[in-house]
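Please find the structures below.
Both complexes below contain chain A, partnered by chain B and then by chain C.
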Partner chain A sequence: MIVYTIKRIFVAFLILLVVSGLTFSLSHLSADPALTIAGEQASDEDIEAVRKLYGFDKPVVEQYFNWLSSALQGDLGKSYHYKAPVVEMISGRIGTTMTLGFLAILFALVVSIPLGTIAAMRPNSIIDRFALLLAVFGQALPTFWFALMMIILFGVWLRWLPISGNTSWAHFVMPTIALGYYATPALMRLTRAGMIEVLSSDYIRTAKAKGLLPVSVLFKHALRNAIIPVVALAAVWFGFMLGGSIVIETIFNLKGIGWLSYDALLRSDLPVVQAIVLIFASFYVILTLFADLLNAYLDPRISVR
Partner chain B sequence: MDKNEVVLEVKNLSIDIPVSQGVLHAVDKVNLHVDRGEILCVVGESGCGKSLTSLAIMGLLPKNAQRSAEMLELKQEDLQKLTERQLSDIRGNRMAMIFQEPMTSLNPSFTIENQLLEPLFRHRGLSKHDARSLVIEMLELVGIKPAEPRLRQYPHQLSGGLRQRVMIAMSLLCNPDLIIADEPTTALDVTIQAQILELMMGLREKFKTGILFITHDMGVVANIADRVAVMYAGQIVEEGPVAEIFDNPAHPYTRGLMSCIPVPGKVDRDSALGTIPGMVPSIVNEFQSCRFAGRWDENYEENFTPCNLTEVSTEKRSFKVNSNKNHLVHFCCDQCLDQSQHTLTEGRWLCRTQ
Partner chain C sequence: MTTIPSLIRSQQTAEEILEPTPMMKLRRRVFKNHSFLIGALTLIFIITIAVLAPFIAPHDPYDQDLSRRLINPFWHDKKTADLYVFGTDKVGRDYLSRVIYGAQISLLIGFLTVLISGVIGTALGVIAGYFGGRVDMVVNFIINTRLAMPVFLVAMAAVVAFGASIHVVIMVLGLFLWDRFAVVMRSITMQARDLDYVSAARAIGCSTPYIIIREIFPNVLSSLTVVATVEMANAILLEAALSFLGFGVQAPTPSWGLMLNEGREYMFFSPWLLALPGTGLFLLVLAINLFGDGLRDVTLERER
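On to the complex of A and B.
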């Protein structure tokens, strides 16, 4: 298990390095940042001055290593537009995004695991069909449309929930549902498939032959094994919830980093975009690492392979 | 041994499974009983219904299979009257089961200790300390020594033979009256198989447990059985003490099975092993004709050893072989029945002509 952990951390580190390089080169390829900063009416001299000031005239590789070394020291540069350190801009907003992402994945799991389990216990029953219907809906509805519908229903007509801002827990209800619902179908279908497979396995028959009660057979022996792929998928979806919050944060005017990245993209605020992409990528890598370790704990055979 | 203390009594057990073409009568009016300290081997080919019979006794049939029985008693307790909850009190406690596949029968996600403690917590309500020492004792009894370091291991860290020993230890934990072993050695190689068989016989002596042993391997039967029930196409065709069955097989199916066993010294190196011609009939929907029709050996009459059948008055279609009341042969159809008594002795069977 320890060897496995070290191996996985090493691989995660390599992935992050590659990601940082890709992020850097992609955002530098997309536009001439000096032009954007200087503005459309700027003269060639001005642009050249800006280029010197920000170090764009240096070779790209050198720029990358400069950026990387300061990134490793916790300095992600300054926003071109707000002239504030990127780290501060992000750290002030990341809490909102994390809260939203966490609540959304929690909502998805709380809905999908019990629903998937019940559906698996009675395949093709009414409950199973209902769950399938819910899943198809979730997969088919665009998040933004679903979010807008909720705003109209709960915010405008019923006036139960606030539709904009992030000052109270109530502000998070609709964004959480809108974001989490999107992840629910995949997780539910996977739970269902896993449970159906596990419930017909030999060790479940053994558990029954031992005289264990159905609750124990279902939740101890079956769910633990069925949930392994769900854990991996949930981690990936959590990363997606954080990234996917760009749309939701914009719609509900939650000022997290999703909203910030939208704002930064509109302004070609390169350091901010780079930093956010790097942070989202890091989340993904760390979450996948976490899922792998959790899986190894849940199924001890994994760390042997 | 106490004479005839019956542990398990099954009368007219039938199992029907709805399939797309109708109803599959997978098990048809099976009678069997297991006495205390006795090993009854149910032998038959794949798909003859022997595993279903064992699952039916445990109450673990697949949901779509329908069980019906005139009598299904564990130590005079009617298992059919019990609720699912009451039945689970008995499973793993008073009757336990060992399965064919040791590789997949243990949960990969829990340690051996965790899985062995479960039946004790469930049925005996022991403290962890007491249960643990009982588990260790039982593991050492089945030949896992030292047992302690094994407790923290996971199933994937054990070999097939060790896992089957774990399964056997698990089945013994609550000192059951009956153990149903469904092909427990089929997935193991021969040397391990011999060890496991020896172990089971030793445990039978020690605990006087009744064992219903299901197998398709006549060699295993010869090794461990006290009595044998031969199953064919959902029915028991012949039953009796192991020596009787091997020396005087009466039913043509049993005879066919016997001819398939290679015996070193007796069977020539170059001669082909016996086969049973034809196929097992499909037993979907009402099946009236003879189940053994078309499966006769061409040389049956030449090789025929006559045996004397006398009718058992209480049971239709059942006959004592050579007046031995423990050695019975059962006929599947009326045609067999009409002619059986003298046809068998003459080496012919009416159904053969069909």
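On to the complex of A and C.
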């Protein structure tokens, strides 16, 4: 288990290194960043001065290692547009995105676990079919379109909820649903499959034979075992949701890091984009690491492989 | 005189005669599987509309005329219903024609993306699964690295780097959405590698490329199609989202995502500008998913 953990952590670092390298080279393939910083009306000398100042005249590999060494020291560079340190810009906004991501995954779990459980208790019943239908429809619904339709219905026609900003809890209701529903089909299917498998196992039959209350069998014996892979998958989905927050934050004008990355891309503000890619990738890597270790802990055979 | 053993034998042959052929079994499963049928029919319907768009569309989807901008659709305004069934957009283009042509764009992007990503992912997965060991380790690392990259953000960055156009969107999505192909192909190839007839092919001295293409590949074909439907739906949704944010297909192309972007500023007074292309997107993705789910059920039963 320890060897497995160390191995997985090493691989996680290697992955982040490659991802950061790829993003760096991608952003340096784009149009001359010196031109972006100096502005459209800048003279050739100005552009040259900017190029020297930011080190764009050096080879890309050297620039990458300079960026990497300062990134490891917690300095992700300065925004070209706002001239502020990227770390400050992100730390001021990451709270909003985390809140949104957390609420969204919570919403997804609250919907999918009960639905999946009920569906598993009566396979092929009306509730099961309804849950399946909901999953099929949910998977086909484009997130951003769903968000827009909610704005029209709840924000404009019914006037129940605010449609933009992040000043109160009510501002988070629609973004949470829009971001969270997309994870429900996968989580519900996994809950359902896990519960069906667990419910047909010997120890559940024993528990029932012992005369335990059905409620206690369901919650203490069955759900507790079926839910762990669901939690592991939810962790991975949380990582995906941070990526999905770009569209949702832009639509609802929630100024988290998803919105920041959209804004930065519009202005070709590369240091900000690179930093956010690195943060999203780190989150994904850490969460999958957590999911893998959780699964390996539960099923020791995994770590031997 | 008939003996008892011969009676049993004749009964067996009678059962064998009544036994449906594999083709009949498959046909029966296809017609029993409602999601497959609904998905396939809707998909055929949308593809037909897309292919025949030049003949079906009542107007040119690019033809602008500011004098007839933002005409209401038929359920608001009975007068204009004959000319512009779904109304017109902010520069007076016929919305029905644009919605019809939008199917072309989405399908084109879906097909081409899956073509590129399918080739990359299948190659990686089959190689990893067939050779195993270090090759597998390296491919696994590549897959994990790809999964760690936030697709949407990196795709946006790539569009900024290479310029926004339909070609760039297809290339970027094609280079990104191969992970599921690789994962699935890898595990199926691993199972197929140890099958008797593959060992037999190896024993009689067939070359590795021959074994992979002729013996293993036919085995993975049905799973490949199922993964392709999932990724196609994914690519269509991603393109729509990219175009919606302005990092995808550019005006005046009638992409459903871009139409949602253009309609957004009129969402309060003309919500149908958003409802129509979104419904198209939803139906297309739904049809692809139903088709894929059904296909999986139909083919998996055969393998059982």
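Note that the second predicted complex is superposed on the first by the 262 of 305 C-alpha atoms of A that agree within 3 Å, B and C clash if a C-alpha of one lies under 4 Å from a C-alpha of the other, contacts with A are read in each partner's own complex, and residues count from 1 in each chain.
Keep in mind that, in the parts below, a contact is a pair of C-beta atoms (placed from the backbone, for glycine too) under 8 Å apart; a residue touches a chain by one contact, two chains touch by 3 or more.
Predicted model only: the values in this text are computed from it and were never measured.
A:Ala170 in the overlay: touching chain B, chain C, both, or neither? Say first, second, both or neither.
neither
Just chain B (first), just chain C (second), both, or neither: which does A:Arg205 touch?
In the superposed model, A:Arg205 contacts chain B only, not chain C.
Applying the touch criterion given at the start, work out whether A:Leu14 contacts chain B, chain C, both or neither, answering first, second, both or neither.
Once the two structures are laid over each other on A, A:Leu14 reaches chain C alone.
If we overlay the two complexes on their shared chain A, which of chain B and chain C does A:Val61 touch? Say first, second, both or neither.
It touches nothing on chain B or chain C.
State whether A:Pro300 touches chain B only (first), chain C only (second), both chains, or neither.
It touches chain B, and chain C stays clear.
Have a look at where A:Asn225 lands relative to chain B and chain C in the superposition and call it first, second, both or neither.
first
More residues of chain A are touched by which chain, chain B or chain C?
Result: the larger residue contact count on chain A belongs to C.
Which chain A residues are contacted by chain C in one complex and by chain B in the other?
In chain A, nothing is touched by chain B and also by chain C.
Which part of chain B faces chain A closely enough to touch in the complex?
58, 60, 85, 88-93, 96-97, 99, 101, 104-110, 118-119, 122-123, 154, 156, 167, 170
Using the touch definition up top, name the residues of chain A that touch chain C in the complex.
Of all residues in chain A, those touching chain C are 11, 14-16, 18-19, 22-23, 26-27, 29-31, 136-137, 139-145, 148-149, 151-152, 156, 242-244, 246-247, 250, 261-262, 265, 268, 273, 276-277, 280-281, 284-285, 288.
Which positions of chain A touch chain B when the two form their complex?
201-203, 205-213, 216, 221, 224-225, 298-301, 304
Contact residues on chain C for chain A in the complex?
Those residues of chain C that touch chain A are 35, 141, 144-145, 147-154, 156-158, 160-162, 233, 237, 240-241, 244-245, 247, 260, 264, 267-268, 271, 274-275, 278, 281-283, 285-286, 289-290, 293.
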